[in-house]
Amino acid sequence: MDTIGYQGLIGVSLAMSLWLISAGLTIIFGVLGVINFAHGSLFMVGAYMAYTFYGLLGFPFGLSVLLSLAVAAVLGLIMERGFLRHLYHLDHAYQLLLTFGFVLVLDDAVKIIWGGVFKIPPIPRFLDGAWPVFGRPFPVYNTFLIAIGILVGIGLWALFEKTWWGRVVRATASDREMANAIGVNVPWVFSTVFVVGAMLAALGGALGTPIRVAAPGIGAAMIIQAFIITVIGGLGSLKGAFTGSLIVGILSAYGTLFFPIFELFFSFVIMTVVLLVRPQGLFAHVN
Amino acid sequence: MTYLRHAHIMSGPLTAALVAALIVLPLLAGNYLTYLTIQILILSLFALGFNLLFGYTGLLSFGQAGFYAVGAYICAKILLVQPSLLLGVLGGTVAAAVVAVLLGALSVRHTRIYFSMLTLAFGMMIYSVAWKWRDVTGGDDGLVGIPRAPLKILGIASISLSTIEHYYYFVLVVVLLGVFFMYRLVNSPFGLSLQAIRDGETRAPFVGMSVTTHRLLAFTIAGLYAGLAGALLPPLENTVTPVMAHWTTSADPILATLLGGIYVFSGPIVGGALFIIIKDLIVRVTVHWSIVLGTVVIILVMGFRGGVAGIVAGMVARPRAAPAPAVASK
Amino acid sequence: QTACQLNVPTLKLGVQGIASGAHADYGRQINMGATLAIEEINAAGGILGCKLEMRFMDDENKPATGVKNARFLVNEWGAHFLYGTDSSGIAMALGPVLQELKRIQFFTHAATHRLTEELVYDKKIKEIVRVSAPVYQDAIAAWVFKDNPEIKRWATIGADYEYGYATWAIFKDVMKKSRPDAEFVGAAWAPFLTLDFSSQIAAVMATNPDAIIATPWAGEAVTLLRQALLMGVFDKVQAWFQAMGGSVDVLEGISREVQDNRFKGKLWATARYIHNWPNTQINRSFVERFQKRWSRLPNYSAETTYSAIYITKLALEKAKSLDTDSVLAALNGMRIPTPAGLRVYRSEDHQFVYNVPAGRVVWDAKYPIPVLGDLVVIPANEYWRSPPFTAVPVGK
Amino acid sequence: MRELLRVEKLRKSFHDLAAVDAIDLQLAVGVLVALIGPNGAGKTTLINLLSGALAPDAGRVIFRGEDITRLPSHLRVRRGVTRSYQVMNIFPRLTVHENVLLPVLARQRRLLRFFSPTSAYTAAVEDADHLLAEVGLFEQRGQAAGQLSHGDQRRLELGIAVAVQPVLCLLDEPSAGMNPVERTIVLELVKKLAHDRQTTFVIVEHDMDVVFSLAERIVVMNRGRILADGTPSEIRENRQVRETYLGEEWVG
Amino acid sequence: MILQIHDLVAGYGGSVVIHGLSLGVAEGEVVSLLGRNGAGKTTTLRSIMGLTPPRAGSIRFGKNELTGRQPFEIARTGIGYVPDTHRIFPDLTVEENLILAQRIAGTRRGPWTAERIYLLFPVLRPLHRLRGSQLSGGQQKMLAIGRALMQNPSLLLLDEPAEGLAPLVVHRLVEVLREIREAGVTILLADQNLHFCRKVADRAYIIENGLMQFAGTMDVVWKNDDLVRRYLAI
C-alpha cells in the first residue's frame, strides 16, 4: 500500500513539471492558434539561463529563476513580434515550420554558447534532502515542484477567469478580427499571451535545473509529452492541461512500477484512448 | 484571404527534359550524387503521398513515418528470406496500405490537430513496436544485412541491381510511375472530392459524398505511397532501424512539402529535392548544420510563404482554367 | 620530405560521431582525439611519408545520416579509412555499407556485441574493426562484487535499448556463475532523453535491492545519480554500479557530490578508459598532450579514436598498401601499446581486446574531476565473451 | 397531393430549451413551402433535423415511406434530401465550375474514379455548365468560389443544392444578402425548379415580399411549435402571426 | 464632413475591388451605401475599419487619418462596426459579449448599457447567460448590433443590419436607428434593401465595381426607377 502511495506521489511531482510546460503550450494554441514547436526550446533556454545565473554567476536560486523568465520573455517577444506575427494569415503548418526552424537554431545556439557538454548547477540547499512519506524518503525538491505547480495553476485560473484581461484574451481567441474591430489591441494581446506562455516554459526548465541537467536537446524530449498532454486535456484548455498532466504523470509512474517494459508507449496509448473516446480531448469547448 | 489553387509549374517539355536528365544522371555523376538522387526520389514519393492527405484533403499527418517504416521492415523481412526485389517492395507497400486502412479507420473521423496527434501516436506506437519487439525487428539496432536482391520478373528474367546505378534506375521507374498515378489521381473526380472535403467538411455530405470513406481512401493511398517509399530504402541502405518510424522522420515529408508548396502538385517533389540538397551542402561546410538549416528554414518560411514552387507558380500566374465550356454562354 | 609511398596525394581519414543534441560531447571527444593523433603524426612526417587529412561529420545519432555520411566521405570526399560512430544502431547500419564502399572503419565507441559477433564473426563483414570495448566490460561488476556476500539482491535501472538490455543480461550471466545465490529483483527502464528518473528509482527501490547496476549514460547518468541522492538511495543500498562511469562528462557532472562524499563510497563504475589508469608513460604523456591541446581531459571516445589512428599507422607501415586485405593481414596478431594499455587484436571478430578497470568513484586532489580508485582490473579474457559466440540471452 | 415527407412528434432540446417541440408536418411533392417565424423560433433547428445535421431527441422523419430519422446526411442526399446553409457554405478554393461539378459527379456515382481527369466526364461537365447558366454564374465558372461576392456565393449555393437533383431541397435563407430584385429573380428560379423538376423546396425566409408572392404554402413557427400553416392569404390574415412576427405592415 | 474618403483603393490578394472611391458623411447624418452584389460595399466598410487595409487614398474621421492604422485603433476613435456575417464571440456569453465591447471602448458612462440593449431586443434578455454560439442566426445579428452600440460610437458602420431579422424586429430596428441618430450618432449603412434604407437614410451613394456612380438624397433614388434598374437591379 505504501509503495502504491509513494509511487503515486512521485507521479504527481512528475505531473507538475509536465503541467508547467503544457500550460504555456495550451494557452498559446488557444489564443494564437499557433502550435509552438519551439516551446520545448524555450524550456531549454530557461534551464540554461537558470544554470548561468545560479550555477555560474552564483545569484540566489529564486532570483535566477526570475531572471531566466525575463530572458525567455524577451526571446518570446522577439519570436512573436519579429516572426510569427507575419504568418498568422497562413496555414497552421507554416507556423509549425517556422517554430521548427527556431528549434533547430536554438538547439545549436546553446551548444555554441555553452558547449556540447551538459551543464549542472549545484542543488540549492533548501531543496536538498528528503523527508519521510509512506515510510520512504520523499525528496523536498519533488514536494517543492508539487507546490509550485498548484500555485501556478491557481494563478492562471484566476488570470483567465477572473480578470478582464482574461476575458479579452478569450474573445480574441475566438475571433481575432472582430476583437480587433471592437477595439481590442490584438497584436498586444498576442504578444502578452505568447510571452506568458514562453515564461511558463522557461519556468519549467529553470525549476528543473537543480536536479536535471541543461543540455542541448532536452527541449525535444519535453515537447512531445507536452503536446500529448494538451491534446488529452483538450487544446486551449488550462483545466485540461492540468488534468492531462496528472493523468500522464501518475499513470506513467505506475507504469514504471507495474509494466516497466512499456515505458515507451505509455503516453501515446493514453492519448489514443482519450481521443478515441473523446475526440476533442477531455475539456474542449463544444462548438 | 487569397485562394491559391492547386497550380502546375511543370509544362510538358520541362517535364520531359527533367526525366531525360534523370535518365542520364548516373552516366555523368559520381556514385554519391546518384545515391543522393535516389534519396531525393524516395523522399519525393514519400512527400507526394503525404501531400495527398495534407494539401488535398486537409489532414496533417504526423505519423506517416509509421507506414514508411512498415514498408521498409516488411520489405526487409521478405528480402532476408526470399531475395526477390519485386516481392519485397510489393510486400512492403501492401503491408503499409493494410496498416493504413486499419489505423485510418480509427483516425479519419478526427480532424485538424486531433487527427495530427492521433497519427503521431500511431506512428510512435509503430516506432515503439519496432524498438521493443526485438525478436522480429532487431530492436533498436534494427535489421541488418538486407540484400539488394535482383529484380526477378515472373521467373523469366532476373536483373542484378547490386550496383548503385542499377538500383537507381529501378527506383527511378517506380517513382516516375508513382508520380504519374498521383498526377492522374489528383485531377480525377476523386481528387476533386478530396479538395472539396478539405474546404468544406460540413458541406461535403450535402453534395452526396461520404467524408469518411473519401478520407479513409486518401489515408490509405498516402500510407501506400509512404510504404512504397519506405520499401525502396532497405535494399539501398541494407538496414532498417526504428528511427524510420520516429516522428522526426515524419517531419521530413512535412518540411519538404511546406518548403515546396502545399498547393502545387510538384511542391513536394521540389521541396524534397531542396531539402536534401540544402542539407547536404550545409553538412559539407559545418557541423553546426542545425543552426544554418534552421536559419534557412526561417528565411524560406518568411520569404516564400506559399512554398518555393508555390511562388514560382504564382509568378507563372497561369490560373488553371476550368475545363473548356461545354455549352455556350447565354 | 619523402614522397608518399602509398601513392595518394594525402591520406584521407573520415570521422563521424554525434555532434548535435544531448550527446554532442561524445562526437566532440572523437573529433579531438582524432585531430590530436593526426597533428602528431603529421608533425612527425605522416604515415609512410603521406600527410593525413581529416574530415569530421555529425551523424545526428541517426543511422540514415551515419550511412549517408559514410557514403559521402568515401565516394565524394575520397576517404581511405573511417573512424568513430557513437551509437550501436548506426554502427550496425554502417557495417554492410562498408562492404559496399570497400573501406575499413575503426569503430571507437559503439558497444553492441552484435557488431563484432554477428556482422564480423557470423556475416564475415571484414571491413569492421573495433578498437573500443564492447558491452562485455560492464560484466566486470560481477567480478568486483562476487566476494561481498552481503550483496545478494541486484536490480537495474537500465537504458531502454539494446545496450541496457545486453548489459543486464551479460551481467546476470556472469554473476550467476560465481554467485549462484544472487537474486535479480527489479528492473526499470528509461528511454533516451529521460529527464526525470524519480519513478524509475522509486520503482526499483520498492524491491529492496542490495545493489543497483545502472546503464543510462552521459547527462542522463548524472541526472539519475543526483536524483538517486535526493531520494536517499545511497542510505539504503550497499553499492551502485554505474556502467559508463569512466566518461569524463559524467565524472565532471558529479564532482561536487563526490567531493562532499555524498555517495558514501558506494558508487562504483567501469571505465572503457580513464585518464588516471594505467600509470604508464604513454598514458601520462597522452593525457598531458591532450590537456594542453584542448584544455580538457580525454574521454574514452577520444582515447579510442586517437589509438585507432595509431593502429592504422602501424598497420599501414606493415602493409605498405591501402588494400583492405593487406591492411587486415597487417592487423593480424597486432599487439599495440596505447594509452589505455596493451591492445591485442582478435582476428576472429576484429576486436581489439584490452583490460579495462573498474573502481570506486573517489576524489583525488591531483585531478580536477573525480577518478576511479580502489581499482579492480580483471584480465579481459576472464569475462569478455570470446568466439565461438552463442546468442546473448537478452530477456527483460 | 402526393406525400413526400412526414414528420411526427419531432423534438430537439438544447439544455432546457425545446428548440423544436413535438412538431408534426407533412410535405407534398413539387411545392414551394416557406418556413417563417420570429428569430429563434427553431427554423434552422428543424432544417438541421430534416437534413441529418442534428439528431432529434424524439420523433420520426419519414421520407417516401422510409424512416430516415437516424440516417447520416450523405445517405439522405443519396435519397434526394439536400440543403444549403444559413451561414455561407461553399467550397471556397474550388472553382465555381468545380463547385457544381462535384454534386453532379456525386449524383452520377462517379466520385470514386481515380484515373481520368474530371474534364473527361463530359456529360457531367455539360450538366454543371447548364446549371451555372441557370443560376447566372456561367461567366465566373473559372474563378475561385471564395472570391465571389456574398450575393454570388448565394447563387452558387443554390446551384450546388439543385445540382444533386434533389427531391426535397431545404434552403435556409437562400437569398440573404441579395437585393430585393435579385431575391425575387432567384426565388422565381426556385419556384420554376420546383415545378419543372418536381422538387419540393422548403425555404426559410424573412423577406415577406418574396414569401407572399412566391410561396404556395407558408408554415409559421414560434417557440419550437407550428403557429400557423396555410396559403399566403390565410397567413396574412392570421392575427397571431401578425402579432408575433409580421407586424401591421403586411396586413392585406 | 465627419467621415471623408478620398480616392480609396482596396482589394484582396491579387485583385483590386475598390478603384478610387471618394465619399463623405456629415455629422449626425444617416447615409446608405447602395450597390448590387459584389459592388464593393462590404469592402468599403472593411477598409474604413482597417480590416481590409486601403492600398491607396485617404480616410479621415474627424481629425484622425485612419489609413495605415490598425483596426483596434480605428475602433477606439469611436467607430462601431456590425459586419454582414454576425461574428459575435462564440465562447463568451451574450452578456460578456456586450460588456466586453463597452469595457474595451472605455465608455461605461455612455448612453448605451446592457439593459438598454435588452429593451431594444427583448429576445436577448432570457438568453443572456447563453454562449454566443448557441444563438440562432437572427439572435446573433441582434447581439452584433447590440455589441456595436455598447461601444457608444459616434460613427456606426452597419453592413446589412436588417438581414435575417424578422419583420417585427426590422421594424423595431428602424425606430432604434432613428433614435440613435437623434442622439447625434452618424451612420453609414451598406445595404441593398431600398425599403429599409428609405426609412432610415437621408442620403445615398450608389457604387458599382468599386466606383462611385451616384450621390444624392435617398428620396431621389427611391423615386428614380431608371437609377434603380441601372445600378441596383440585374
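So that you can tell them apart, the chains are marked A, B, C, D and E in the order they are listed, and the count of residues begins at 1 in each.
In this text, a residue touches a chain if its C-beta (ideal position, glycine included) is under 8 Å from a C-beta of that chain, and two chains touch if they have at least 3 such contacts.
Only a predicted model underlies this, so the values are computations on that prediction, with no experimental measurement involved.
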{"item": "Other chains in touch with both chain C and chain D", "value": "B"}
{"item": "Shared interface partners, meaning chains that touch chain B and chain C", "value": "A"}
{"item": "Centre-of-Cα separation between chain E and chain A, whole angstrom", "value": "43"}
{"item": "Chain A and chain C, separation of their C-alpha mean positions in angstrom", "value": "36"}
{"item": "Centre distance in Å when chain B and chain D are each reduced to the mean of their C-alpha atoms", "value": "42"}
{"item": "Chain centre separation (chain A, chain D; CA means) in Å", "value": "48"}
{"item": "Per-residue multi-chain contacts in chain C, two or more chains", "value": "19-20, 27"}
{"item": "Set of chain A residues in contact with two or more other chains", "value": "107-108, 111, 261, 264"}
{"item": "Residue list for chain E, restricted to those that touch at least two other chains", "value": "12"}
{"item": "Touch list for chain A against partner chain E, complex", "value": "164, 167-168, 170-171, 173-175, 177-187, 285, 287"}
{"item": "Contacting residues of chain A [partner chain C, same complex]", "value": "3, 6-7, 10-11, 13-14, 17, 107-108, 111, 115-118, 120, 122-123, 128-130, 136-142, 208, 211-213, 215-218, 220-222, 252-253, 256-257, 260-261, 263-264"}
{"item": "Complex interface listing, chain C residues touching chain B", "value": "19-20, 27, 56-58, 62-64, 67-69, 71-72, 75-76, 88-89, 92-93, 95-97, 100, 112, 114, 118-119, 123, 161-162, 165, 394"}
{"item": "Partner chain A, residues of chain B touching it in the complex", "value": "1, 54, 60, 106, 109-110, 113-114, 117-118, 120-122, 124-125, 128, 131-132, 247, 251, 254-255, 258-259, 262, 288, 290-291, 293-295, 297-298, 301-302, 305"}
{"item": "Residues on chain E engaged by chain A in the complex (per definition of touch)", "value": "49, 51, 70-72, 75-76, 80-81, 83, 87-92, 96-97, 100-101, 103-105, 132-133, 147-148, 151"}
